[in-house]
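The data blocks that follow each hold one structure.
In what follows, chain A forms one complex with chain B and a second complex with chain C.
Moving on to the complex of A and B:
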């Protein structure tokens, strides 16, 4: 029953996935992995489980950090079901793998939710000047793919530019039905409110522009997240302190969650992520910004690697106008609680009953 | 003999010419390794001209800041408390533990400030008891001051309702002034700005207005950005500006999807959701 008895039963020879060029490779020109968890297990199904486990046991003791990690990852449980010992083991082997892959000391945090904390986020919609520093800070912090070819650039935050409508006096009575004097503020032919649905790719010389307002959108970390509801493998779930997270190892890339999310907050790694070694952020969290592989969905998680350690998310720190606020909703002294108490607050698409913990407010 | 003297002279002349050249070469050789790390990157924190950071490595592969290649703005802080000092006493901030509210001192960044109090305003100043205040409260034309603050004579802060000495101390020109005539440090501009903008001061104190970096817990250590790090008090009502902040260059837009040649397409056709 030892694996070396049957050479064909050794998947290490069949699968190129054990080569050092893994998913989330630092080298963009390197070929991506050709196996997925599903494919791997399907192939493995032909073999006896014990021989696989025996091979796995051998491989985990191998010197190649990436190969050992790959093996262990294929057989690990969903993160939610892992014991503390299994989490520690996963953390150690990932740290080893990423450190050798990116040439610097990488830490993988596994800090869980703290009691008495429910994270909340608030954004002052009147302050936002559309400078998009939050978008780029998020990319720097969270190790998103930053290639130049189509689909290789991933940004979790979108800043929507909206044209200011005109509520001119002479248009105020131009409503439907025409001639009845019912004021609806413009009609289908000359809209008086928003005249554009919005632009994500605006590029003026300077912001804020006089005739525009800006609306940043990212994951709303819903209390009743539709993405969690539809996930067939339960890889995405809501943590006890608020954020909705993804166990990247269990994601099968079916994109059901992307279809279910009403806020266009999720992105998929269609290609192997491009993450240069020198730009990789070595402080990571297992459920947060650790390098992703090809074919998994990712999204904003309020910088778990920072917020679980007490620090503001990167987008909050970088906003030059201080429009973004973050805090504990259960703490009446926190910034978000003060905003909810004192300011005019609304949530995006509240009618969908997703109950976002992301609040827009204005003075 | 003459010939020998001539040759000696020529030799001496040549040596004389050579010496500085050699010295220069030596200098160059000595200086060559030095400029290598001198390629320093300076990026601004909130707005250009307010506060700047020099990029360096806290640890190998762990910079103190990451700067935007496009605009030069700070996009990420490795250590949010780098170069900060305790904010000091602030009314109604007693519940914040000692040293948990920190600021970055601006006085050392203001290049002209050490000169203000000595070179032109030596602490005597004109007689500013109320009867001799200039009528119309227009600053006297002083070319050097106008070079520093171009709109000096037509300062639009408060739509033209205030002038220099409403904010700057009469005799201590390297200080600001509060309502009681007491000097206020340039590091604590909120004590001055809150004189008129009380609602904003309250929001700033509670963390609703303005920017903070550091720890998010209400009792955590935070770096507070003071008023003048984001707002230019001399330029608060710039006509081209919108929403209380100077115009800045935006960062790069997201990648265009396949089939979309430029952003104008989006403008014409809208987004298909």
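Moving on to the complex of A and C:
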């Protein structure tokens, strides 16, 4: 079930052994470059030493480590401008801090884009039943904030639920001169496709509901992303293999990108994300699902920690009706390429010239 | 060097001298500033969750004030321009006061920028060589032109005061060109601020090219309205006399800029609401409410009433020429524009959101207190700058003057 001509790992690097169907958190020790692994082992050693000295000691120790790490993180460069050595250093630093913070071995992948890969996504709008499993899988896979206070709950995917049956007989006589006295159609009063706050967080008893259609959306990984253009510090950028990513350590939280995104794909961490230790997914990518901090923006990145290792994004894997397809657009044999060739395909808000790499289709 | 030290000491000594009225004023501002420090601390430990902002409506009161104050800063040019380009006598005398106002407004804008950022501790990321400067980002340009404007006004204003203080003649060879650059620059700061929001096709309410000109006209109404008020206060409380001709000219500028602003707003309303496409939802929300949510409706109509009312009052000679009554339309225009250009423009830009979600925003107590504190801080510096400048213009602070008196 691997995506056709999947973005495979660098041959120079040890190939991770997980299969696509394996749960994300099952293999926390995905190997990385040897340099950082040595650093990691050292950190692990220090950690077990201190754990011998009791929990209190561990706490102080981890506090110091956290403080020192934060200090170093604060002055690190923009990820794109880092040399390989600096990247490895940042990686070790983060792995050490996250491991002590969450009490398990956390890996931070830094695999870069592979040549010849341009990721693409296609969604069969006809098949979606509105079960929202993709939403929950995404939250779990990508370490989103689970809080209950307003603003603490973050979901990258929304499945917009839309009423069917715009036109009804009982509305026929509405719309005769009213208000300003201009005649309008009786059925024109119900706005199409509008949602009230949080209406995409519906909890139906059974899906699909009879009188609803569904429209899942998330970051479209635009080829011409307006969010990238407006970022004053070039925190967010398009990777060579397609996804638009964010360097969480460099974002100043100005929220310009959120204003510019026509798909409402971005979320701001209003406060430190609520991420319970036991629910934290320890397989992370630097530009992907590693734990975020307060005051930065985040969004979907097509599960870089998975897709760069030749696996499907979590939402693709979990979709019970197979509405979601993912693969390499540059490979004519891939599933998405075939869909683009054969199906009826459209993109959202095409008039804005953002050229999404997220395609909707129906058959 | 010695002159510089004595300038600083004379200046601060003069500013510190004051009656109970002065100290009560500064003291109450100080209390508000303490409140600001507390909530700013709170916001930077808890995060933006203490504000009313959400992922849907992520720019609120801070951004609204920021946009408005850039206008006030630009509005100072309505004094400098007639003074230097038209050699208006009354204006020339007070031009430096306008520059002081510009300095203050830009400092307040910077403070609102700090309040707005999710990670103000990382603002250095914008400053090369440590950070990255992005030429494609309007926010980057905005910060750059604002800082430039601050420097220009600081240099022009204080060089002028310095010359008055030491009695040296002004070196017009570089001073005048700098003043002209500052005049053009004033336009640029507000234009860039307008571009900051009008270059987002995802927000139809802002996405039109009328934004920059509307910004300039409202700025040239709100800025001078505030300046008139300040001048009237100065005339009442100090020995410094601002000429009638200066106030009259400013009144004319306010009136016609306000008139044009109302006209532009009206055009926008007609264009948007005639066809009433989906793109008009933001404006519709502002004017009448959407989906039963109506929080901003009273704001909008009060802004309309204030602006139109002020315009009518400005047209009436009995108000225009009576400096006691002039206060009323000035206050009305200033508040009206603050509402219209602040909350009335920024917030409905996010309602409905790009996916059609309709939600509302209310500033939290933290946001209100922080904004009040920044305004208080603004008035605090403005008082200091204006008092010192007036002292120099009056000749009460003079090089060697006080030293001689002390002996």
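Just so we're on the same page, the second predicted complex is superposed on the first by the 266 of 363 C-alpha atoms of A that agree within 3 Å, B and C clash if a C-alpha of one lies under 4 Å from a C-alpha of the other, contacts with A are read in each partner's own complex, and residues count from 1 in each chain.
Keep in mind that, in the parts below, a residue touches a chain if its C-beta (ideal position, glycine included) is under 8 Å from a C-beta of that chain, and two chains touch if they have at least 3 such contacts.
Note that this is a predicted model, so its numbers are computed, not measured.
Using the contact criterion defined above for the overlaid structures, shared-chain residue A:158 touches chain B and also reaches chain C.
In the superposition on chain A, contact of A:207 is made with chain B only, not with chain C.
By the touch criterion stated above, A:217 is placed in contact with chain C alone, chain B being left untouched. Residue contacts after overlaying the shared chain place A:232 against chain C, while chain B stays out of touching range. When the shared chain is aligned, chain B comes close enough to touch A:317, but chain C does not. In the superposition on chain A, A:111 makes contact with neither chain B nor chain C.
In the superposed model, A:261 makes contact with chain C only, not with chain B. Of the two partner chains placed around the shared chain by superposition, neither chain B nor chain C is touched by A:99. When both complexes are overlaid on chain A, the residue A:126 reaches chain B alone and has no touch with chain C. Where the contact sets of chain A with chain B and with chain C meet, they give residues 150, 152, 158, 196-200, 264.
Listed in rising order, the residues of chain B touching chain A in the complex are 46-47, 60-62, 66, 68, 73-77, 80, 203, 206-220, 225, 230, 240-245, 247-258, 260, 263, 266-267, 270-271, 273. Chain A contributes residues 74, 78, 81, 149-152, 154, 158, 160, 191, 193-200, 217, 226, 229-235, 250-256, 258-264, 266-272, 294-297, 352 to its touches with chain C in the complex. Residues of chain C touching chain A in their complex: 46-49, 51, 53-56, 58-59, 116-123, 125-126, 131-132, 134, 136-140, 143, 197, 199-203, 278, 291, 349-350, 352-359.
Across the complex, chain B is touched by residues 103-105, 126-127, 129-133, 135-137, 140-141, 150, 152-153, 155, 158, 196-210, 264, 278, 282, 307, 310-312, 314, 316-322, 325-328, 331, 333-335, 338-339, 342-343, 363 of chain A.
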